[in-house]
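Both complexes shown next keep chain A, but they swap its partner, so chain B is in the first and chain C is in the second.
Coming up: the complex of A and B.
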């Protein structure tokens, strides 16, 4: 299976240093479980690709694209030429010039499906198909069976990245490539940049007014949606199991019973 | 007279034969050392200094065990004297002198006494820290050689030697003597040959010059292979040094990880390096790694040493706190920590095989210059409300205060606040680097990530080059060691003082006037990186004495103190054991009955304060001094 991992120039969230984004490092680890991934980076510098080589990549391709130029056309041209079965990317940008839109733009350009927020990947028994576990948030997972080629973005709950190994970074190869003709132009979508502002968290079903105590109750689940739960004190195990199953069905984790349960 | 004449030839001949056999055995062994990498060795210098290194430095360590010291002096001195004297008897004038043979007999008799001393450590019951195996035969070989030699020499002194007794005595001496010489390859006697050569070709000759030669040697990051994967990756004189191990087990009883039941035993580790090199090595016969894992995997100069399926389990490697207690206790001057770090370097740099829990801190060190991934500007947050001058933009200061990792820790922040207030009171012209201070890289280096360490070292050296300051003072012995001893290899030369030494200076200069805290009993816990790595044990005690507290010493203190478990990345590697190292150390502190354990290191503070059911308080020397200075007001 041919796998490409898109490597971007991330920023460390605290120090601001140019680093491999953690999500992409996680992508490399997931990809390494399936085969030998190829790193792909479009940008002026190859330093971040070198770092990716230290965290599990063996080979990387660096498409030289000047600063400020939209990397999508160059990446799309290269991917269209190499036709990987699987293209992995982080699910969002990590500072710098990153928009987090590249995987979407690529999927659109290449006309490929995109599966977001994947935490685990495995080859299925049937050749060419993949079993992906997609995070739905709050620990809920959805398993999808897909057949490539496709674009997949990685969720932070995926396994932690490999440790950086200086020797491997040194050994790995980076192939510098010229961008395909006609792809080095345009600055991509114009985005407006605003400083980060903490926004109040909206709690579904919480009373908009109300006292602090009421809002706390709503947030901690004693009112609002979560209040539909029931408190059972010292229940009989069978009854407890039934309640748990009913709850799981209600929130959609388990499928509804296929046949009427025996009372 | 044919009998004695024959005997006066045969007897010296036996010693010459022994020497020849020993030489052959050493030669066979040397073929293995040659598998190692090249190393620069000052041969002539080393040879000239051999007697001094042996008589002063080795003896200094050996003498800590009075019995072993006497035993070794008698048996080794006797053996050497008797053998040399006998060998010289090849000269006819000596062979003909009865007085000479009396002398020889005396020397052999001394050896015999020593041999019984050797035997008494092993029979009827072997001391626990010693190894069995071939070592158990040693007393018999010694006794045979010594008794046979004494008898033969006596017969010659008496002019006898024609009867049946002489051949029997000679035969006994030959059995023992040739046995001893044979043991030079695989047995206990190897320590004598390899040990002497090791003293000549020691990889850290600075050790013998009276200064602590403890800085890790820089790794050439362009080398074809980084760190040690297999025995052949060690330099040849390191392989030689491991052969010098006499399996005395002194390192084992000093090792905190071993005491805590973590899967590390420094003696076994060194023996595994020996056995890893040579498939013919007899089986190990000492205490195992706690947990009892048996050695697995291939052996030979090119066999992989570390791995769940290899000779040494990775957990063994990551259990080491790099406390150097083993190095301090080793009579053969073996450098265990260098071996551990060299093996770690390969794991980390080539295989990315850091322990799972250590990956986060090391990644943050590399990417943010700080193992917690916190903002460098937040390092001075501990000083909120204190006036803490930052060096940037100022025209030079006397003292640059290096804050270190501890500054981020709430508990240790109290110590630093006390130190800052003391410096203020003493009117010291000082400042900190503020957001420009990066971590020294100590953690990365001990965990084998030399690349990250070197890049941090270079960044810090570049920062320091931009500022003017007289000297650096730090309360963190790990930072002190890196700045003082390890940065010079990268071009950073500074005068670095530990805060205890600096505070003592201020007291002696009359700038700080402590009041006596009479009713406080204190025991001081020496940080490894201050006491063993830098030989500083007196200043903290002198400060405590100036405060006037009643000071008690733990059984293990000074250069022989036990580690708190906080060094070498051990807390982040977190290899499980049966006990915790800091708990053991606090139990030792409790034995003194002191109400306060004085510390002088952020790691020790954190480790010892984390001990549950602690009876004693943990206070840094700076905190105690501040308390005493302020007591008068």
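Coming up: the complex of A and C.
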């Protein structure tokens, strides 16, 4: 199976140094379970691709695209030429604009389906189909059976990346490619940039325009359900059990009793 | 409400007695009358007279009563309870423009994040604009969350075909022609927004933390910079960044929008099944329902049987983890795990501040403790002062009876 992993220039969250983003390292690990992952990077530098080789890529292709130019046309042209069965990308970039739009733009240009937020992959019995586990948050998954070729984005809950291997990074090959002519300057909406300012956190449950005392009450959990709480002093244990179960069911964390319990 | 600031100079000037000709040149003040504002001066004599109960030879005083007026205390008039007035529904007849909101509405219910997005849409709409929500049929409370109009946009949750959903949404948005479209930046909402953006070729402003008509702001480059732009067509709103709508309920009138149906074409997705999280193995940070034991639990075997019976994730206080009775990764609290659960069920936990910090984010708390004055009892929405051992056994008995009944029904 031919697998292409899209590699982007990430920035380390603390130091700001150029690193491979963790999601892409996780993508390489998932791809290694299915076949030989090939890296594809569009940008001015190839340092990230070298690091990705150390994380388990077999070979890297580097499309030289100047800084500030939209990489999607160059990537799409290369992917249309090589026709991989599976294209992997992180769900968001790291350290760039972090819009998460590149995989979607690629899928739209190449007319491929896209499955987002995948944490596990396996090939199915039928040839050309894949079984993907998609994160739904809170540990829940959706198992999707899908026929390739397709674009897949990786969720942070996927297995941790391989350890970095220096020898592998040295031995791996990087093929430089020239961008197809005709790539145009990326023209996004006009945005104004300034240093990030942290904003006050929204206190859940506090009334809008409430006083500081009300916000404190909401923050310490004294408002809401706790304020209107029920107190049973020395009830009969069976009575207490009935109350607890009814309360849990009313909240919706416990299944109703009529349903046969799941073994 | 802040008190008016006092201006002593002005007060003095107001008290000055107007000088008639020939009087002494010294300014004179009338200190008996207080300046406007401020507390009225107490008059203890009048208060005492006001406390006197009418009738009787011997003077009797009602000392609990403090009234400033003179004259005997009257029997208190029974006060009529304030009538519960149903809040008036705001109706917007002809909105100047529309702001569309596409909520996740998982399970037909608006999440807190969805309501925040509606709040953001309401601030964008202002007085003349209308907020239109694209929600499935079963959504309730969309009016009070701030929606003026409602377009039925649902699909059966069983079939997973995000591409077709995005195509239908793009068609519906084409028919509605809203000025802005807002999505929650959640797993599903963010995905849908990006699909629609790619499909319509419109720029997307993702993960906005500030939404206002004068500009939207999002973090970028690992929160080193923030990007500001005028609100465009498509925006996703970050969770817990924007306040919910707090005004009077709105109409949520049903709009009929015909969008071209996309049925027929089968996508590349052959099957999709939902695998619910296994509460026994899910990490504590992700768990939805946590049942925790504290130092008040002697018989941990019963507790270990109760947890799977409730389909909960096990937790513990630090005392049990330190004693080696529960694994360290189950510890809830400041030095353990901070929960994001919907419900926390505390058995025999006193509720030390370090422990309560871990529970602060839980919406519902149920506590069983023998001590009426435990902090956990105070925090709980349902508090039971009883021996946890007997309550656990009663719970297990009841669950077993219900399971039996369920098997007979099935």
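Throughout what follows, the second predicted complex is superposed on the first by the 180 of 263 C-alpha atoms of A that agree within 3 Å, B and C clash if a C-alpha of one lies under 4 Å from a C-alpha of the other, contacts with A are read in each partner's own complex, and residues count from 1 in each chain.
The working rule: contacts are C-beta pairs under 8 Å (C-beta built on N, C-alpha and C of every residue); 3 or more make two chains touch, one makes a residue touch a chain.
Remember, predicted model here, so these are calculated numbers, not experimental data.
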Checklist line | Contacts of A:54 with chain B and chain C, given as first, second, both or neither | finding: first
Notebook entry, point to check: Looking at chain A, which partner touches more of its residues: chain C or chain B?
Noted result: C
Check: Which of the two partners, first being chain B and second being chain C, lies in contact with A:162: first, second, both, or neither?
Finding: first
Note to self: With both complexes superposed on chain A, which partner does A:96 reach: first (chain B), second (chain C), both or neither?
What the structure shows: second
Check: Contact residues on chain A for chain B in the complex?
Finding: 12, 14-15, 17, 19, 54-56, 160-168, 170
Note to self: Could you list, by residue number, the parts of chain B that touch chain A in their complex?
What the structure shows: 221, 225-226, 348-354, 356, 358-360, 362-363, 366-370, 373-376, 449-452
Margin query: Looking at the complex, which residues from chain A come into contact with chain C?
Written below: 11, 13, 16, 94-101, 104-105, 107-108, 113-117, 129, 133, 135-148, 150, 188-197, 199, 201-202, 204, 207-209, 219-222, 224-226, 228-235, 237-238, 240-245, 247-248, 251-255, 257-262
Check: Okay, in this complex, where on chain C does chain A touch?
Finding: 112, 116, 160, 162-163, 186-187, 190-191, 194-195, 197-199, 203-207, 209-210, 219-229, 232, 240-244, 246, 267-278, 282-283, 286-289, 310-312, 342-343, 345, 356, 359-366, 368, 372, 377-387, 390-391, 393-395, 397-399, 402-403, 405-407, 409-410
